[in-house]
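What follows is chain A paired twice: with chain B in the first complex and chain C in the second.
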Partner chain A sequence: MLAPFVLVAPAVLILVLLRLYPLLLGVNFSFTGDGDRDGAMVGFDNYVDLLRDPLFQGALRNVGLLVLLLPVAVAIPGLLATFIYLRVPGHRFYRSVYFFPAVLSPVIVGAIFNLLLSFDGPVNSILGAFGIGPVDWLGDPDVAMFAVVGVHVWATFGMALVVFLAGFATLDSALLDAARVDGASLTQVIWHVIIPSLTRTIQFVFVTTMIGMLTSMFGLLYVMTSGGPEGSTYLPEYYIWIQQGQMNRPALASAASTVLFVIMLVVGLLQLKLLRRAGRED
Partner chain B sequence: MKQRAVWAAVLVAGLALTGCGSATGSGSSSGGSDKKLVVWDWKSGEASSAQYVEKAKADFAKKHKDVEVEFVAQPFDQYYTLLGAAIQSGKGPDVILFNGGGQIRDRVDSLQPLDEYVGEDRQRLAGWEAFAKGGKTYAAPVTLQGHPIYYNKALYERAGLDPAKPATTWQEFLANCATITQKTGAKCFAQGNKEGIGIQFFLSAMASGVLTPQEYDNWIAGKRDWNSPNVKKIFELWKETGTAKLNNDGANSTAMFNDAFAVFQSAKAAHIIGLMSDIGHWKDFNEFITPEKLGVMMAPTVTSGATPSLPYDGGIGYAVAKWTKDPKVAADLVRSLTSTDALKAFYANAGAITADTTIDVSQSGPAVTTIVGALKTGKPAPHVALSSKALDLMGRLSQQLLSGSISVDDVVKQMAAADTAG
Partner chain C sequence: MSRVRLGRWLLVIPMGLLAFATIYPLLFTANVAMKTRREYILDRFSLTDSLRFENITTAWTSVGMGRYAVNSVVVVACSVFLLLLFGSMAGFALSQLRFRGSNALFIGCLAALFIPFQVIMVPLARVMADSGLVDTYPGLILAYVAQFLPFTVFLMTSYYKTIPAEIVDAARIDGNTVYGVYRRIMLPLGAPALLSVGILNTLFCWNDVLISLLLMPSADHRTLMVGVTSLRGQYSEDIPTFASGVLIAAIPVLAVYLFLQRQIADGVAAGSTKG
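Entry: the complex of A and B
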């Protein structure tokens, strides 16, 4: 009689005690004050502060920028996987090399690129040899965010590449042969055969890349730009960390966490919906 | 079957509960008992601090034989985050290491005023102001932290300048820099403003040459007039370091810790506004530039009536938490941690200028002698008086000043707003 409940109890207990309860505590905490008003209920004051803070606005804008850059971040591993699948010369070598950065920790990747992208670093020397003026990759507010996203894509595309290769394994090679016999060019093969056959893989990579961008860029930001220059590379997680650890405003940080949670929830639900719809089409 | 399921549930519930327990911190690292004091810091784990901790412990054992002391070294970049969590839970360590200024002032609600316990140490130690708020002292200083302007005498010699006579006015300073850059190729300043720290050092090092003594004292006392011409002048000078190409290239993407120090150490720049203790200081520079070739100069005078002085404060100091069982015993531990013997070991091994002004430093080279000699006339550093929020904003605005995307008027306006709000 009790057995079913007892059996689900561990999962439910873990979820409620270690996930839901702390989450509710955090949301509740975001309605209390900091400093002199520590512990007092302040209603939506923290949220008003957040929306007025140009730094947090900048962080949200950067989230928007990440969403816009998402297609690029998915296209790069997709295209490279296609080349490997089509057996360009040296494809075995590339297959292992492309995955290599995925095993490095973000801190190490950040440190390496700090050296490469520094003002008097090798990247600028090479550009200089071609007569292109030095670019302050991590010191120019218009460039820094793209530099960090670029490094993040470099560091993580190996995982997406593996997923794409797994997708290719399910591709019917007879279709490719047929397209070749019909005289299709490479772009036509990619556009009319490969992309339609890999819809579900592409969607999966979209979802995982998005999550990766929103939740695991902290290490790179911390090492490469510290949110700068001029606050141009803030993301919500970095903002939360600064407010809680450096500014001693844990309640404001809680409010920012709640906003980030809602954003992730909305993005997650939208993606789930997209995936379901795609599933029905199959 | 049912029996087994019940056992499984009990087991999981037990695991979940112990999991909760360890997530909130085990007893060994937080909250001392009657016979035990827990100290949090980011120093005691380093080899160079071992002797210091040993001496302090020995001194404390003389007073309280039966009380055990446990040092918990936390990683510095996580320190205030971890401490914030401990303060929230209301049961943290008994004795806590703090940076002076904003970091401790933001958290005095959780600390015990120490005035009644440390009276005897008042004269011997310097740098108390950085740990005081509202007329009460919350920590005893261990080291002094300040911002001397270091210069490379070898570069002065190569440029044909007299290394014994650094510039005393801003115009002279600019002329010297032009000569050095022309003759040696070295830049004027090694500057690292990636974290927005460059402006903090610059403000503190230059302020005494720009502000009148009255303005300076008002600034420290919290009466800051951001719209005064002299305050604006400091930010104009900062902007000038960018437009006149005094800084190393890419100052906004150069980290102060430790890329800017490396620029100075490798003689690619003639001056750097460094620190007095811990890092980026005379001991580090002595290794590369040699003690004889390392000079320390006072801020060049910009406005008449300004009297250049060394900006310094209490650097790090030990405070006592409000929730400790017996504040007297904890305060005794703080006094042991700032005893002359312990601080002497800290100076010798870690290369810090300690708060104890009675320690002899003459064998460490002319730069240290200059610094210690300037302590008497020194004043608190202007940037330390600002809140962490104002400092954070100033960091970002200073980067905009260097990249030319904001005007000085706009900067002082925003700073004035942040300073009153913070």
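Entry: the complex of A and C
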């Protein structure tokens, strides 16, 4: 009778102690002070500090930028998966090559692109051959965030590609054949057959790509830009790290964590709603 | 028909270029790692004139990547072992043994899947510090287990749900205890799922940098990925040694990818279709 509880006990114990308890503790932390006011309740002071901090404002602006770039980050693997599904010559090869960067750590990817994107590096040499540049990819505050996001997309599109292909596997191929017999063009097939049949997969990719952008770019930021130049590549997760690890302001960092959690909830719910509405209109 | 054919062949060019852009960065790094500093400064693109492994040896010994690699292997091996053990135990209980609260537990696990590490990292660091676990192997191992357990339990539960209840019933009638059923039936039957979840967890733990940076700060205890981040400051002038360090950290993952590509992709796909 006791056996089921014994079997789940280690998992439950670990999750309660190291995930649930810290979550509650963190929300509580965010209402206490740092330094001299350690442990004292300070109400919403941390949140006020947070919203006044130019670095955090920059981090929020960058989150906005990520939301704007999200459709591109989803469309690229979606299109590639479509071509692979339609059996472009060499589709097996592309499938395995494209997935490859997805297994590399962001730290390794970041270190490699530090070499490639340096001012006198290969990317600028190649562009120079066409008379473009040189561009200071990681040193120009207007460019750096785009460079980092571009590298993130390079590193992760293979993951979304595999998810799309798993969705395609459930697609009714009779529908595609019918469309083709009727003489539909590729764009028409994508718009009227593939997108409506893959709504669930597309939703899933949208949400996981956004979560990925908000929670797995730390390694890239840490290695490629350290938040610079001029704080232009801060994201909430990097801000949390800096306040906790370098500035010794854990309470402020906790407030930023809570804001990040809320952003993720809002973004997730909003996207589901928008996509559901789009799905209904089709 | 011929127009469709032509269209398909036209796609080969951009897709081929993209494929090249996917592998080239690593080839470039591997090539640089073989060069001398002089060779690199004179021409960074040319193929190295000989396969030189001095830079790799330097990175392994004097840079300390060797020691970091040992730290990584110990931590990742222990974490994945515990993840698979606890994950399969809980997955078996949640899928095959109906008990009070099993549904609530499964939903709780699903919810935990959506708590990103960044949201709990500050209080977790405090909890770890209070228990004296910062900068110790057990501390980092526990943090990894906690981080990837929800995903593991979720996939193991989904997998064990596909095993007919009659198998468990029959084994019980034959006189097995519940633990016996777990050990003699569930573990062997779960092997394919354990393999693919194990590979994914190995990649997650091996590739992590944020958790180990937070919980293993001292130079002696660095994991390989934290070691890579420290290369940047120290070897920004000596690019071939830098590239060698990066290569050392990438090679195990590359090997895993070359041999187990199918399982990795299937694992990712399984996670998405069951979600």
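Brief remarks on what is shown
Quick note on the criterion: the second predicted complex is superposed on the first by the 247 of 282 C-alpha atoms of A that agree within 3 Å, B and C clash if a C-alpha of one lies under 4 Å from a C-alpha of the other, contacts with A are read in each partner's own complex, and residues count from 1 in each chain.
Note that in this section contacts are C-beta pairs under 8 Å (C-beta built on N, C-alpha and C of every residue); 3 or more make two chains touch, one makes a residue touch a chain.
Note that the coordinates shown come from a computational prediction; the quantities given were computed from them, not determined experimentally.
When both complexes are overlaid on chain A, the residue A:L69 reaches neither chain B nor chain C. Judged by the touch definition given at the top, the superposed model places A:L165 against chain C, while chain B stays out of reach.
With both structures placed on the common chain, the touch criterion links A:L18 to chain B and to chain C. Note on chain A: of its two partners chain C and chain B, the one contacting more of its residues is C.
By the touch criterion defined above, A:Q246 lies against chain B but remains apart from chain C after alignment on the C-alpha atoms of chain A.
Of the two partner chains placed by the overlay, only chain C lies in contact with A:P122; chain B stays clear of it.
In the superposition on chain A, A:P141 makes contact with chain B only, while chain C stays out of contact range. Shared-chain residue A:P10: touches chain B and chain C both. When the two structures are aligned on the shared chain, A:L60 is found in touch with neither chain B nor chain C.
Contact with chain B, but none with chain C, is seen for A:P229 once the two complexes are overlaid on the shared chain. Residues 3, 7, 10, 14, 17-18, 241, 244-245, 250 of chain A lie at the contact with chain B in one complex and at the contact with chain C in the other.
Of all residues in chain A, those touching chain C in their complex are 3-5, 7-8, 10-12, 14-15, 17-23, 25-26, 29, 80, 83, 86-90, 93-94, 96-101, 103-108, 111-116, 121-122, 125, 154, 158-159, 162-163, 165-167, 170, 186, 201, 204, 208, 211, 214-215, 218-219, 222-223, 236-237, 240-241, 244-245, 250, 253-254, 257-258, 260-261, 264.
Chain contact summary for the complex, chain A toward chain B: residues 2-3, 6-7, 9-10, 13-14, 17-18, 35, 38, 117-120, 134, 136-141, 144, 225-226, 228-231, 241-242, 244-248, 250. Against chain A, in their complex, chain C makes its touches with residues 7-9, 11-12, 15-16, 18-19, 21-23, 25-26, 28-29, 32, 44-45, 85-87, 89-90, 92-94, 97, 99, 102, 105, 108-109, 112, 114-127, 142-143, 145-146, 149-150, 153, 177-179, 182, 203, 206-210, 213-214, 225, 228-229, 231-232, 239, 242-243, 246, 249-250, 253, 256-257, 261, 264-265, 268-269, 272-273, 275. Contact residues on chain B toward chain A in their complex (touch as defined above): 1-2, 5-6, 8-9, 12-13, 16, 19-20, 78, 80-81, 84, 88, 106-107, 109, 194-196, 249-254, 259, 388-389, 392, 395-396, 399-400, 403, 405.
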